[in-house]
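Shared between the two complexes below is subunit A, which has subunit B as its partner in the first and subunit C in the second.
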Partner chain A sequence: MKLTTALLATSALVVSAGVASAQSMTIVSWGGAYSASQKNAYHDPYSEKTGVEIINDDSSAEAVAKLRAMNEAGNVTWDVVDVVGADAIRLCDEGLAMEIDHDEVLAAAPDGTSASDDFGDLIVSDCFVPQIVYSTTFGYRTDMVPAGVEAPNDICDVFDLETYPGKRALEKRPINNMEWALLCSGVAKEDVYDVLETEDGIAMALAKLDTIKDQTIWWSAGADTPQLLADGEIFMGSTYNGRLFSLIEEQGQPVGMMWDAQVFDLDGWIVPTGLSEERTKQAMDYLFFATDTQRLADQAKYISYGPARASSAPLVGKHASLGIDMAPHMPTDPANAANTFLFNYEWWADYRDDLDAKFQAWLAQ
Partner chain B sequence: MAALTPVKPTPASFYVPVVAAAGGFAGIFVGTAQGATLLGLVAGAALLAGIALLLAGALSEKEKAGRWGLFVLMALAGFTLGGLMGGIIGALFGWFFGWFIYWLSTGRYRQKLVPYLTPGQVLWHYTFRVICGAIFVFLITPIIVVMPLSFNAQDFFTFTPEMLRLDPDGFSMKHYDDFFTNSDWQNALWNSLTIAPMATLLSVTFGTLAAIGLSQPHVPYRQAIMAILISPMIVPLIISAAGMYFFYSRIGLQGTYIGVVLAHAALGIPFVIITVTATLVGFDRSLTRAAANMGANPTTTFFRIQMPLILPGVISGGLFAFITSFDEVVVVLFVGSAGQKTLPWQMFTGLREQISPTILAVATILVALSILLLATVEILRRRSERLRGMTPA
Partner chain C sequence: MTSTSDSSAEQAAASGPMLAADGTPLKKSIARALRMQKLRALALIAPLLIFILVTFIAPIADMLFRSVENQIVSTTLPRTITTLEGWDGSAGEAPGEDVFAALYYDMFVAAEAKEHTKLGTRLNYEQTGISSLFRKSGRKLDDLGKDYQKPFEKAAKDLGDGAAFHALMTGTGPSDSALLESTRARLEALTGDSMAGEIGFAPGAEISALLPLTAAAYADFAVFTARVDGDAPADEDPWEAVYTALAHDLATPGTIEKIASYTGPGAELLQAAADVAPSLPDYRAFFEDVDEDWLDVANWSTIQTYAPNYTSGYFLNAIDMQKTPDGTALRDDDERIYIMLFKRTMFMSLVITFSCILLGYPVAWLLANLPMRTANLLMILVLLPFWTSLLVRTSAWKVMLQQQGVINDVLVWLGLVEDTARLIMINNQLGTIIAMTHILLPFMILPLYSVMQTIPPTYLRAAKSLGATNWTAFWRVYFPQSIPGIGAGSILVFILAIGYYITPEIVGGTTGTFISNRIAYHISSSLNWGLGAALGAILLAAVLLLYWCYDQIVGIDNVKLGG
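And now, the complex of A and B:
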């Protein structure tokens, strides 16, 4: 009897302690160097200023599923969540993320431009506060380029096994791969999604991918391609540009970047629905602080992703520990962005399930 | 038991082909490393056949000199071909083949076997040992590979050329340093160290009580209760985890320390029940009746009579419960929140998002700890057995 009472008392204490400490908030992100950059640029200054303790949860990869479960269980434990643009659209549609009035909640640019104008087109959903622009592009081993051949600088070099023999790494999903395959099958950039809507277009893309299928390793985590490149296991592989930056500049691996036909994507914050009023206010306060012009520019000191505000671009400085200029490493730098491909959110939202099934079936063949 | 098996030298037609086959097998690995598997096979077989003829034929009387000569020669050859690492591999080959050639050619391989075995039985005797060795290698290699990699100077799971040359620049303690200084890892370690003992304590307490109760013949529906209690072990973990998530959310335990401890205790209880039930089978009930007869109440009887006798079962059950909690990643991902991030959780995210060799350093530390823990328990068990053997029952 005594034991039961003691147990109940302890659990009651712990439960009330968990609810009472509004002075901490849980922020969900992707982990690794990316979370570290957010900690340095946003979390630490915010904690210092307000005294709020920030707990990091590296669960962004399963954010949609977990938010659904939390919503169902009526127990939302996250305050602010970092997701990619496509996930934000899904969460907003399902009512799992709050709609945010960007001009009211977020800081204006230093010159007085309103937040919604400063972010511009990057606000892809009413629930989404853009943070960075990243890109998916190719890295290649510089020491595996055959003698007498120019280093690969064209997206179609990926499909050219004769000039550039060696293994490739591609992401294990249709997104990006299908677009690249069509671009290299002679489809014009502006027609890619129209062609991909047809059965013939899908067949064409898969036929192009067929030419390198037996030379391809399929990755699913962002860390895979850097590891494979460092091992010399592959000649070239697609991954996020920040991972390649760290591989080349921080780890000093013999790897080069091929920016051609890089695919832009967005990452940013959402606030879950179902938070108490106090926690919502806290989350909005954090967003106001963490997405102002200076903070977004600060993040670029730690990782090579482009700040989402137009007004942050001129403030991007040098890398915090390497001391190199970060601007040339941004996916948005004019030299790197000579040929970019714009990822079409709405198109993929409509066709994703169908293409996923077809792509997986093709993979299994 | 020394069997007096006569040892006599074997003919060259026996040991040369056997040594050549072994040489060919070793040659496959060396050849593949150089990119010419077939050449390695042929060259290895030919080389070893020649060496066998030379050593067992011309130098059969000077075994010591022959073995040392081969050892030094192979080490030198390896060193010129592949640097320090090549030298070590060469020396190992030289040591092995020197022993192998004389072992076969002098007929010593029969020395420890009984005299009446046919050649086929002798062959099976050694084949069996080779198979056992191969299974052992298969089981242990993935764990061994992790250890040198954890001293990698780079941030990847890669044996760099510097490491293969045994260049000190290729090695560093930085991943261990990261583990001991990084607050993420330290928090995770602290969480694991506070959750696992509490969960073990609860599992051992409830599991032992349940096992004692269920071993009483007069308890109704014993089989059914037993089945329910050990169900966490049988139901897929992900099902338990999802169920616990929704249940704990409703009663406010999700994302709390107590919640994770209770969840892990539920997972650990079946192990304790099974091990304690097993030890209770050999427990003599008349002892408790005798204690009661002498005026001891049930609590005293339990602690003074029953507990010491079933202690080995309780301890091994507790060990399993501890390891379950310490290794568990699925349930804690559901029931815990970021504040209860345990070591396996941190390793899981580190592996998925970052492939950081800090995981290898942690794995090496955990392997060392597990070996220490199991060795301690084994030593204690032997000691108590010895003590028990010395005192007449």
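And now, the complex of A and C:
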């Protein structure tokens, strides 16, 4: 008798817990300052408006592998996932992310422009809702610039050890590095990927990287370069522009930005497949709220990444705590974007495995 | 002599087997009793056994199995693979029209099920460019069918109507159940979901003989619509591929004549379609138009080479080899990396193990021989780093070892090192060895300590009183007794070291990384789980082999983890 009551009580608890969990959703992102900016700009206002509790999971770096494992296990526990454009394409290819009708799910711009027109070319996959434009670019120690020489302002200064002696930090993968190396080997910007398809082109890029190989520290986490710059371990290094912003403006380190040949990349949302109808609806409701023109502009108050909607750009204001104007710190600001490079998704999807094998073999030599 | 033993054996045989009290042969009865005992013992450990099987052995086996698994090619492109069998790539010619036709219908279903991009990703591991080739082709497949659909609908509007087409394909009389069953089986293999159950469609045998391709394409559509989308096929407009198939059938010589005498439902629709007199679809030209890489022999060779359900490709890849149409071959120089990494992992793990012995032995000796109170304090010092997060300890080494780090600063301050020539102690092999030796040291000290504790100090005193020097007493008396501890510690440290990847990733730079870093990369980043599993399987085999060698040389009975 007692046992039955206990069982009933437990199941009642489980049921009520189940009901409660319907009022919460798990959102996966990158952690750190970036997740904080999303919390301030999207999560908190959304929770306030709807009462839905938002649980953060900082697993975006392994999102593709984890989603695949969850999908195979038949138990997807994430509702909305923040991934880079390249991963969104892969997740879509693998059938792990839902295809989204952008005009149906997302809010139109205030002037009535449809969502798909407002995002434009940034919708690189049917499953992808763009959120920010970020760039991979260089930061350098201003106090380590040799006397009598002007600060580096050309991508090829990275390869110029004579004028700018000192260590470099580059990412431990071929993407971006190969493009920069070719640009500085005299290849025109529009020919870079054609050249990189050939054996000679790869050899040329690696030969250029060879000239700085023993002066380079190869990073694998976005926080490495800011740390190395702050410690004075390196003279210049590549990383995401938002990390450099916080190093320079928030921590006041003697570091300068070099925007030349910055590589634009996208970050945004996907919704996993295999969610229940109710959870899918919930996820779409969140996306509608979190990616409208005003919210995207709000995020730029907390971090220096450019909003993905064209209609958000004019609304970008001042930093929430520092009070400085954010527009000049956006990678998309005309002064910064004089010479830019757009990450070629389609090309890298094909050549990533092949080039990575060659690049890693080269690194290990 | 032999005759006596023979005769006693005969005697025993003649008297029959010994019987137990209940009349069964004693042998059987004992065997049964023993079996019962074993079963009872097994039942006692069953919970643990099942737990280990389910949570440990099965997932590992499943993961390792991926290193040979390769069904994706034959489930996604089943008909293409069959028609491709006769093709020989060495002639330098792309396959013929029949292969492209099979590819078109296979791809169409795969694209509807969104499986074609998975295959593209899989094959892209072997041949660069296939990923986008499949993705691009999947998007354009509708175009070919639409070109045929329009004139058909113009000739008879009902040809574009789901219900009318459904009636036409159902026909009258017996149905072609073989076609339906094979379609079910194929789609089941493709999607991995069960296709059993009501479809709401059975292809007529007569129409299926008259229009074989159309019936097959419509069956694909019907089964997929009913079982995957959950809709009734009669309510939905047929796929574009059905119209391509209809055009193909109508353009096949002899079909139009047979249609004239066909009287089943929708005969007038069929006649109207026949009157359009479509041209034979040129699948090859269509695919060439989508992307001329479809005529590239290398792409087709890859598909053919990786057609079997099981492949050695991942394992070959893991030892820097590859499958080519002419058998296996070494990879190009600039792509070889894994053998070197395996060797490096083994070598560095050995160095780390020896460093642990060198540093751990004196500490363990102190622990075992100091008075209790001091020993306890020392023990806490040994265990303290053990309770600190691995990431914190590794990052701390970064702060210590880097060029602007604590050690270099002190050396410069002391004037031992020039400020311009600071030592490079991190982002290389040295960094990995230092950090990992520190992290793994407790695993060496603890077994050593527990073994040393059991060595009575009187032995050393006895040796000395018999005239041995300090060194002789240690080397001849003490050290041999501590070897089991070294053995246990070495095995622990070595096996742990071989699988480390976080520490080498952070402090190893490019020359101090292990094979596990590549495994992690393939599991979480490139998603080439097959290759990751193959590398893991090789690593596991290497560890087991070393363990076996160790057992042969040192003997596993000589290993002691405690008193």
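To be clear about the criterion, the second predicted complex is superposed on the first by the 346 of 365 C-alpha atoms of A that agree within 3 Å, B and C clash if a C-alpha of one lies under 4 Å from a C-alpha of the other, contacts with A are read in each partner's own complex, and residues count from 1 in each chain.
Heads up, the rule we're going with is that a contact is a pair of C-beta atoms (placed from the backbone, for glycine too) under 8 Å apart; a residue touches a chain by one contact, two chains touch by 3 or more.
Everything quoted here is computed from the prediction, not taken from an experiment.
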Subunit B and subunit C placed together on subunit A: clash or fit? clash
* Is A:Asp353 contacted by the first partner subunit B, the second partner subunit C, both or neither? -> second
Tell me the contact category for A:Asn56 with respect to subunit B and subunit C: first, second, both or neither. first
**Message:** After the superposition on A, what does A:Leu363 contact: first (subunit B), second (subunit C), both or neither?
**Reply:** second
Q: Considering only touches as defined above, state whether A:Gly95 meets subunit B (first), subunit C (second), both or neither.
A: second
Can A:Ile217 be said to touch subunit B (first), subunit C (second), both, or neither?
second
| said: Once chain A of both complexes is superposed, is A:Asp231 in touch with subunit B (first), subunit C (second), both, or neither? | reply: both
Check: Now for A:Val64: first (subunit B), second (subunit C), both, or neither, which partner does it touch?
Finding: second
Ask   = Who does A:Thr163 touch here: subunit B (first), subunit C (second), both, or neither?
value = neither
Inquiry  = If we overlay the two complexes on their shared chain A, which of subunit B and subunit C does A:Ala73 touch? Say first, second, both or neither.
reply    = first
Among 27-35, 99-107 or 207-215, subunit B clashes with subunit C only at 27-35
Residue overlap on subunit A between the subunit B interface and the subunit C interface 61, 231
Seen from subunit A, its contact residues with subunit C in the complex are 61-62, 64-65, 68, 90, 92-95, 172, 217-218, 220, 231-233, 346, 349-354, 356-358, 360-364
The residues of subunit C that touch subunit A in their complex are 114-115, 117-118, 120-121, 124-125, 128-132, 135, 334-337, 340-341, 402-405, 427, 505, 509-511, 513, 518, 523-528
Subunit A partner, complex, touching residues on subunit B are 154-158, 184, 245-246, 249-250, 252-258, 337-339, 341, 349-350, 352-356
The residues of subunit A that touch subunit B in their complex are 10-11, 14-15, 18-19, 26, 28, 30-33, 55-59, 61, 69-70, 72-75, 77, 221-224, 226-227, 230-231, 251
